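Pasting in a structure now, in structure tokens, and then I'll have a few things to ask.
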Amino acid sequence: MKKRWLQKALGAALSLSLVLAAGCGSAGQESTAAESAAAESTAAESMAAESTAAESTAAESTAAGAEETQYPLTITDDLGTSVTIEAEPERVVSLSPANTETLFALGAGEMVVGRTDYCNYPPEAADVPSIGTYTSPNTELVISMEPDVIFASDYIDDSIRSQVEEAGAKVIVFAASDLEGVEKNIQLAGQVLNRNEEAAALVEGMEAEMAELEEILSAGHEEKSAFIDLGGYYSAGPGSLLGNMLEDIGVRNVAAETGEMWPQLSVETIIESNPDVYISLYSTPEELRQVAGLSELACIQSDDTLIFYDGLSPEADRIQRAGPRLAEGTRLLAEQVYPELFQ
Amino acid sequence: MRETMLELQDVCAGYGEKKVLQGVSASIGQGEFVALIGSNGAGKSTLLKCVSGLLPLTGGRMEVCGRDNRGLKNRERARLVAVVPQSYSVDYAFTVEDIVAMGRYAYQSFGKKESREDAQAIRKAMEVTNTLEFRKRLYNQLSGGERQRVVLARALAQSPRILLLDEPTSALDIHHQTEVMELITRLNQEEGLTVLAVLHDVNMASRYCGRMILLRDGQVAADGEPAAIVTKKNMEALYQMKLLIRENPLFHKPEMVPIRVLRGERAERPLRIHVICGGDGAGRILEELDDRGHQLTAGVVNQGSTDCEICRYLGIPHVEIPPFTPVTPEAQKENLAMMADADVILTADMPFGVNNLANLDGLEQVKGILFFHKNALSGDYTGGKLVQRLQELGEKKKIVYFGDHDEFLERLREWAVGRKEKSDADRNAAGG
Amino acid sequence: MVLAIAGCLLLVYLCTVLGAASISLGEVNRILLHEIFHLPVSLEGIPSGSIAIIRDVRLPRVILGFLTGASLAVCGASYQGIFQNPMADPYILGISSGAALGAALGIVLHFSGGFAGLSGTTFLAFAGALLTVFLVYAISRAGRRVPISSLLLSGIAVNQSLSAFLSLMMLFNQQSMDQILFWTMGSLNGKGWNQILIILPYAAVGIFLLLTSARELDIMLMGEETAVQLGVQVERVKKKVMVVSSIVTAAVVSATGIIGFVGLLVPHVVRLFTGPRHRVLMPVSLVFGGTFLILCDTVARSAITQEIPVGIITAACGGPFFLYLLRKSRRGGEGR
């Protein structure tokens, strides 16, 4: 946690100095770095400035639309790190299934030279050699693929990160926890890879899907509640991807009360909350129905309201991956909770 | 014929590859108090382990109370044989009573309460060992002697027929050593308990035990009454040192007096030394001169004095007279004869009175140099005759006075060196 | 004894009243009277959810807590006895890592079959625990004897290697990593009558058998040689205590996950008050261990809106409490 914060602060300082440098005209990279060290003391204040800077970059790129990306390009990722891309990347490695989906959706599948063991979508991704798992990728393998850019998740270890960076790769971390963040990252990826047009189209499609969903949901209905069981009664609370999705489609999240992002709930709390829908991503319906007390709940007894997506099923991927299929996933959730609206 | 409690026939045992017992045979009868002695590694403790069922035999046969020890269950054996180890500490806060009550385990089973017999046995064991008054105290807060009595009480609570002791007193001071040995002796005599004890204090074994078994290299080297075991030959072989055996005058048991392991430096040229002594002050110098290889004679000593005893132990030729009798002219004649060839005559630390002043008679005639301990002057009971005599003597021969043991040895060395140089010079002169 | 039982029942009642879901005292009483004692009390006006919570969740969870705590404490006391080692606990022979590995296998393979309401994970954890103990036992056996020191050492070694296997398994199955991790933290959440049914027979028979060995365990503390000389069949007692404790612990661990500290600390705390005699130590540990775990689990499920794994609570409460007692008794000068 502390490290993350530090990273953010340092990143902010760096980005601030870059913004200043840009204002002064065409200052060289070296002098900018020197200034960044001097600017460190103002790191805290610069936090705010950094976020607006990032937003403006994103907005700019949207406005730019189909324009060609101008290199060198400086972007700020989800950890607040400023990354400068010197030239159009030719080889990229993805360190998360969601990033792989994004890259392929942008039509940049050809550029992907490495992926994780879990990248199973789109099916073509399987042809790309794997570099291990997303928490502990094989650093040597990653470096041997000579990527220009690595799209990582926030699982990436600081030491691995610095090693691959030393080898010349730029690391961009995507860790969005809502649809907006995902769309922003898709645009950012498009910008980095000079696939601005594709990114704009992709986001447009997602927006359209969400608009359609919103219209369906606006038909008027009673608010329903749901409990997401990630296994062992651990759930997704406010601030998590799933929690935000439930919020987006107007479902009351039983786990929201805890205020925690990944809380474990007592069975009796679940029973007391008596959710309308129970979404299990781990335990099978048979297992859940054998849990004393829980089995009394109406939502557990009916197959319509006890929804089970096995951890590796396409449905589970759709609702858990912060990638281009998230709009589909959101719709899937809405269909499960409010089936009557979709008939 | 009394009942045989422990029968050992060619008992062999060891630890893994290492053979310790190599054919031990012995038969111990009811009511005997037997000491096992022997050097470290001779197999004493190993033998006890075999009897108490901790170590299986690799050969031979062992019967406990007429039953093959191999076939006995631990519980059955515990009713026949109890063990008192060297000493041990317990990390847990058991009371004395808890510990003693454990002795009854072999008579109890789950679900049954402590029987009246158990309670009686526990109480009696604590009474006999004088542990009753602190039965509520914690074992690990007791002193070493108290602990050993508690462990003895636990062994007695087993109501055993044979008591095995493994150096039961080695961790105790003399007071508690004696106390524990007296307790065991009493149990042996009054209760008829058969006792087999590993003891490394031979004198204690000799004093308390009716029989001793000497083990050497895993075999019985000697077996019998203390007088037959505690002999100079056995003990010197056992301890590999200079020692003397005497009868303890209080208990009339043989007693070993250890003397020395490391030998002093040997004199370059052994001297003939005659020591005039007779009280109790010459023991140390006699032993030391003897050890250095000098040829000693002594006289005139009164029978019953320590000096006399020591002359006998060390085998020093000496003239002796009955106690409390004056030195007769005959005795002094004998004395002078012994001095005749002596290089050195030493008058040791001894009080002179009218009875023994005759020791100095006729010394003018012998050639040896006279060394005289100054203490004799302060212990002068002759009314000035001693000083007078010494003056007379001093006019005729050289007298070297010295103050203590070390000074004497130093003076003797100086004199010997001087004499050697002189004789060398004489020889050179003669040769030249 | 009667007092202790009455106290326990009172505690069970109080902890059943307390919980995350707010159900009034009157309602709890009515539900208990109707559902447990089958008295003609009207349940009108009580939501069916509340009935389910009390009858199927809270009450069995409290009972399971007692059973788990009691079993672990008695097994811990027995292990400390036969190993003559104050650091011994029910997991010392590698049961915990064996069970964890079994459970991890169950989680990764995700057996949903199960039997009598128990998941495949539970069965695999139980099997893993027992296999591990047999492995440790077989490794350290020297002829007919099983020396304590080699048991402890091979216990540690097997523990370490199984932990490594577990880490490896987590590495290769990252989607199950969280589940495996949560399992190892130990929890009574979602567990009830089914788990009681698996633990109860083992715990009842096992604890009884261990209690019958109280005298032998006392004597074992004098050292093995002395125990033999006092008539104890040392190897048999060791085998019996080890087999029984292992089975009981395996049953508990497979049902609840790894709950630490109870088996280690409870016997120590109790010993400070009762002294080391197992005839007193074990029954008191049983009662104290049971109540201690009930209390910890009550905190675990109702302190905040989310669940806290009870293993964390036992460690967090138990450690400092024990240190406090230890210091106090040291200052008292008792050489305990």
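For the reader, a short list of remarks on this structure follows.
As written, the chain order gives the labels A, B and C, with residue 1 at the start of each chain.
Definition applied: a residue touches a chain if its C-beta (ideal position, glycine included) is under 8 Å from a C-beta of that chain, and two chains touch if they have at least 3 such contacts.
Since this is a predicted model, take the numbers as computed values, not measurements.
Of all chains, B has its CA centroid at the greatest distance from the CA centroid of chain A. Between B-C and A-C, more C-beta contact pairs join the chains of A-C. Averaging the CA coordinates per chain and comparing them to the mean over all protein CA atoms picks out C as nearest. A separation of 91 Å divides the Cα centre of chain A from that of chain B. Centroid to centroid, with C-alpha atoms defining each point, chain B and chain C lie 60 Å apart. Annotation: 41 Å between the Cα-based centres of chain A and chain C. Among all residues of chain B, none touch two or more other chains.
Residues of chain A found to touch two or more other chains are absent. On chain A, the positions that touch chain C within their shared complex are 118, 133-136, 230-234, 257-260, 263-269, 271-272, 274, 282, 284, 286-287, 290-297, 310-312. Against chain B, in their complex, chain C makes its touches with residues 84, 86, 212-213, 215-216, 218-219, 221-223, 225-226, 228-234, 271, 275-277, 334-336.
Touching chain C in their complex are the following residues of chain B: 52-54, 73-79, 81-83, 85, 88, 90-95, 98-99, 102-103, 105-106, 108, 110-111, 138, 140-141, 154, 158. Across the complex, chain A is touched by residues 19-22, 48-53, 55-58, 60, 110, 112, 114, 117, 119, 171-172, 174-179, 182-183, 187, 189-190, 192-194, 301-302, 304-309 of chain C.
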